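Alright, structures below, take your time with them.
In the two assemblies presented below, subunit A is common to both, partnered first by subunit B and then by subunit C.
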Partner chain A sequence: MTGPDEPAALSATGLGFRYRARGGWALRDCGFTVPRGRITALVGRNGAGKSTLLHLAGGLLRPAEGEIRALDSVPGTASARSRVALVTQDKPLYPRFTVADTLRMGARLNSRWDPAVPERVVREGGIAPGARVGELSPGQRTRVALALALGKRPELLLLDEPLADLDPVVRGEVMATLMTEAAERELSIVLSSHVLPELEETCDWVLLLRDGRVGLSEDTGTLREDHLLVTGHADGAAALAGHDVVHRRTHGRQLTALLRPRGPLDGDWHVTHPGLEEILLGHLRGAEALAGDLKEAA
Partner chain B sequence: MEGDVVEYRIDRQSGIPAYVQIVRQTEQALRMGVLRVGDKLPTAREVVAATAINPNTVFRAYRDLEQAGLVTSRRGLGTFVTRSLARPGAEDDSPLRADLAAWVERARAAGLERDDVLALVTAALDASDEEHTAQKQRPQHKQEQQEQQEQQQQQQEDA
Partner chain C sequence: MKGSLWLAWRQQRVLVGCGAAVLVAAAALAAHFRSGMLDALRGGLFDHCAPGPLYCTRPSDGLPMFLDIEPLKLLGALNIALPVLIGMFWGAPLLGRDRELGTHRMVLAQGVSRAQWFTSRLALAALGTVAVSGTLAWLFHWWWEPAADRSYGLFWYETTALSGSGPSTVAAALFGLAVGTLAGLLARRVLAAMAWTLSVTAATAFLVQWLHRSRLLVPPHRYVSQGTRPKPPMGDKWSTGNYGLITASGRREPVLNCPYPSGPELKECMARHGYVARFYEANPAGDYWTVQWYDTALLGGLALVLTAATVVLLRRRV
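Coming up: the complex of A and B.
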């Protein structure tokens, strides 16, 4: 199902990008394959390269090195543009347009436009068609931007922080709208988010970026099965050698570690299966701890 | 019967995968007689719209239920209950249930809170499980609890 020959929603090899003004590489040596039909969480700390990756996937930026493919097409080409929709963080909408005008514009600009879906998405948010976009709440603006993107009937939907600025109720509603769309037809979604709890039962693939590089590109079920959270006496730390320790923390005599065991675990440990949020936090923190170690060594 | 017989609740903090929660809630509804043979389960779209979980999760849960022989999916029509798990003892008007209701009243009268009652019931079930395990002299496994439940149901049926 995830073999290299299977059609990919998003894939990259040796992908790199640098912003001229900022100097350093925003992305470097990125290689991954996200299978189609997945709902992918793109996670990473601020500045890890999430937005850059989505802009590259949507064809708004060109790679400096390597390549990226959206639905096996080069982003920005006609074949990719008609099948890929990108909603950026700033959600570019015309503030003076009414909601109805905005949807009419979408219909004009897209040959595959389906009016039913955007109208439902707007209606479910209780948004009046005559309301001006500039007067909408952040949650309502997100809905209109989503409606516009879904009206294209994309096969791949790229969303940069769609849940930011939304209250918990609206977050749930927006996720429900997205999941409903995915249930009805073949739709791959890649969404970046810092709201890890919301991703727990919605995403089935994780793409984790760390300092511009790919930290994880895996099925969430596999991640849950492979990771253990162990707690025990700090004196027993030697028993963890030989396992992939993602993150470890010592507090007094107690040691807590998130790890991917390679074979049976020796020693006296209290072992639990962590949830997705804990696993992702461990991988995000792991990088920081490593950087700290390096600094001490230097 | 339309697919509005049961509604799934997904607890994201429980640490239990959502597909397992759906399977368990379906089994419980079958056991309690809330779901009966011929009933239609909610469509993936309905579940997803209400819970905002990944549609693949619903498909996986329904596939597991189908493999367990509890439901069958008919293309384009939906997923239907084919087998009930209702035990004669679990129905609303059964003597066991009446006994339990009376016991709960006594527990309340004695000042026990909901959590106290649940703790007592869990402890009694655990003690009973242990007794059965000791009788069987078998090592403890993950799936044991489920097997024991099935054994107990079998014994109830046989009795």
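Coming up: the complex of A and C.
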């Protein structure tokens, strides 16, 4: 785990945000620290607050309460702006600019701009510099948006659903581009995604949101080691009482549970080590049950 | 700042080009028609005309004579429409286009701050607006001058001259730009912002016209004269159409009680009714500038208020 002294890519304490003063909270009481140099998967169901969190981290929104720090600076300040890049979900670009114009704009609007990287990203996508952005395919547009973000040589790259509306081949190419960049220089990436299997291979940190609160902020290796998937007879459920059960499902007389054991497991269980996808799904599903319990209690 | 100015220029260069084209065309037309007007004046056709508001007639057939001022009036109409045009086509897309496409999120994720981004584009748009409206207002004035306040030309109080020239034209254009900018921020759609801008700027133009006609801001002067002496000529004054007679106690009564222009009938009638003087109400020609400065202060002030509101809302909404 990380201590408070270690430089963080992204951190928050008591962070809260709501879109209108009278509306519900999109984020509430969020506290987490994502260390630098990690590729972080920001996971959560629709409406969990992923985009809101990334907009806050990129300085497009201001917290209603608490605070958020990107690379230990306040988002939106000059220091944060020059080192943090954000690509929002809709990947907005000026449709009437050519690709070359768009990159020229990046060069003009950023104090440190490395033309080599964006040009390579665009070239690898087979995109003509003279093409108008409005005439590109969604995949090509994503590439241009990424090129623009990488050209400013960010230390923290925030990507909101970068892989949505891309076909699997392009998805792989885009991820490969990102991984190359991350490996070649000090780059922390936070990317939100619904595509859990893609994250399994690439991400080494998980930030999981549920209903606007932080569910997990942990190293993926630790998560894999800590979780067990157990299957056994439903009558033996009492034996699980001493452990942290993330999610459980009964199918007839068979019980399947995702849990974090505290000490040795009693009883007759078939035990496996779940993959990251199963762990994350368990945590996302578990939230439902938890929310249900809370409603009954209220 | 340099970067955001570059972006502002890159996005507004078409508008700047259109503005420049309009200016060139207007200047060419103004030069052409003005020289035609000067030729007509130099020809001595109008030399016998009195300076008053009554039509000057041709000695040969008695028909009223005019300079060809229709093109000048068209330029005045264009100047009056400037707030609407600039508001819709320059103001509304200024923030509205980015709001519609979401591209402000991309720009603000680069190295420029919200303040730099907004200041650059508004500054360029305001500069363009001042250049276009200022030049057109000056062109109108230059063209109008030889024909100003002549019965065969254009009096200062006619709508196209009063609202289509002078500093109020610039203030009105900036007002239109401010309305469009705020509408673009609030409406999130360029088309909706244009519709809002059209209704607000057009309504304001009518309100300003009504203020002029009602003379609420610049009240007319009352010219009083003894019935025994000729009254001061109307000349280039803007009459309210309100004439009358004054009794010894100072009461004003309608002019129709003694409907005589002058002479013994008038004298006799006034004595019979106990009137001691005649009066009429009108704005002197110097009120052109009073009206101009009132309009400039009103519209310029509104432009500042709307821009301040845009800055405040920009922090909350974008």
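Before moving on, here are some points about what is shown:
Everything below uses one rule, namely that the second predicted complex is superposed on the first by the 288 of 298 C-alpha atoms of A that agree within 3 Å, B and C clash if a C-alpha of one lies under 4 Å from a C-alpha of the other, contacts with A are read in each partner's own complex, and residues count from 1 in each chain.
Here, contacts are C-beta pairs under 8 Å (C-beta built on N, C-alpha and C of every residue); 3 or more make two chains touch, one makes a residue touch a chain.
Since this is a predicted model, take the numbers as computed values, not measurements.
By the touch criterion defined above, A:81 reaches subunit C but does not reach subunit B. Of the two partner chains placed around the shared chain by superposition, neither subunit B nor subunit C is touched by A:168.
In the superposition on chain A, A:39 contacts subunit B only, with no contact to subunit C. Contacts of A:95 after superposition: subunit C is touched, whereas subunit B is not reached.
With both complexes placed on chain A, subunit A has more residues touched by C than by the other of subunit B and subunit C. When the shared chain is aligned, subunit B comes close enough to touch A:200, but subunit C does not. Touch criterion met: A:176 reaches subunit B, while subunit C stays clear of it. By the touch criterion stated above, A:148 is placed in contact with subunit C alone, subunit B being left untouched. In the superposition on chain A, no subunit A position is in contact with subunit B in one complex as well as with subunit C in the other. Listing the residues of subunit A that touch subunit B in their complex gives 37, 39, 172-173, 175-176, 179-180, 182-184, 197, 200-204, 221, 224, 273, 275. By the touch rule above, subunit C contacts subunit A in their complex via residues 2-4, 6-7, 10-11, 101-114.
Those residues of subunit A that touch subunit C in the complex are listed here as 55, 58-60, 76, 78, 81-82, 85-88, 90-95, 97, 101, 105-106, 108-111, 145, 148-149, 152. Contact residues of subunit B toward subunit A in the complex are 10, 12, 15, 17-18, 44-45, 48-58.
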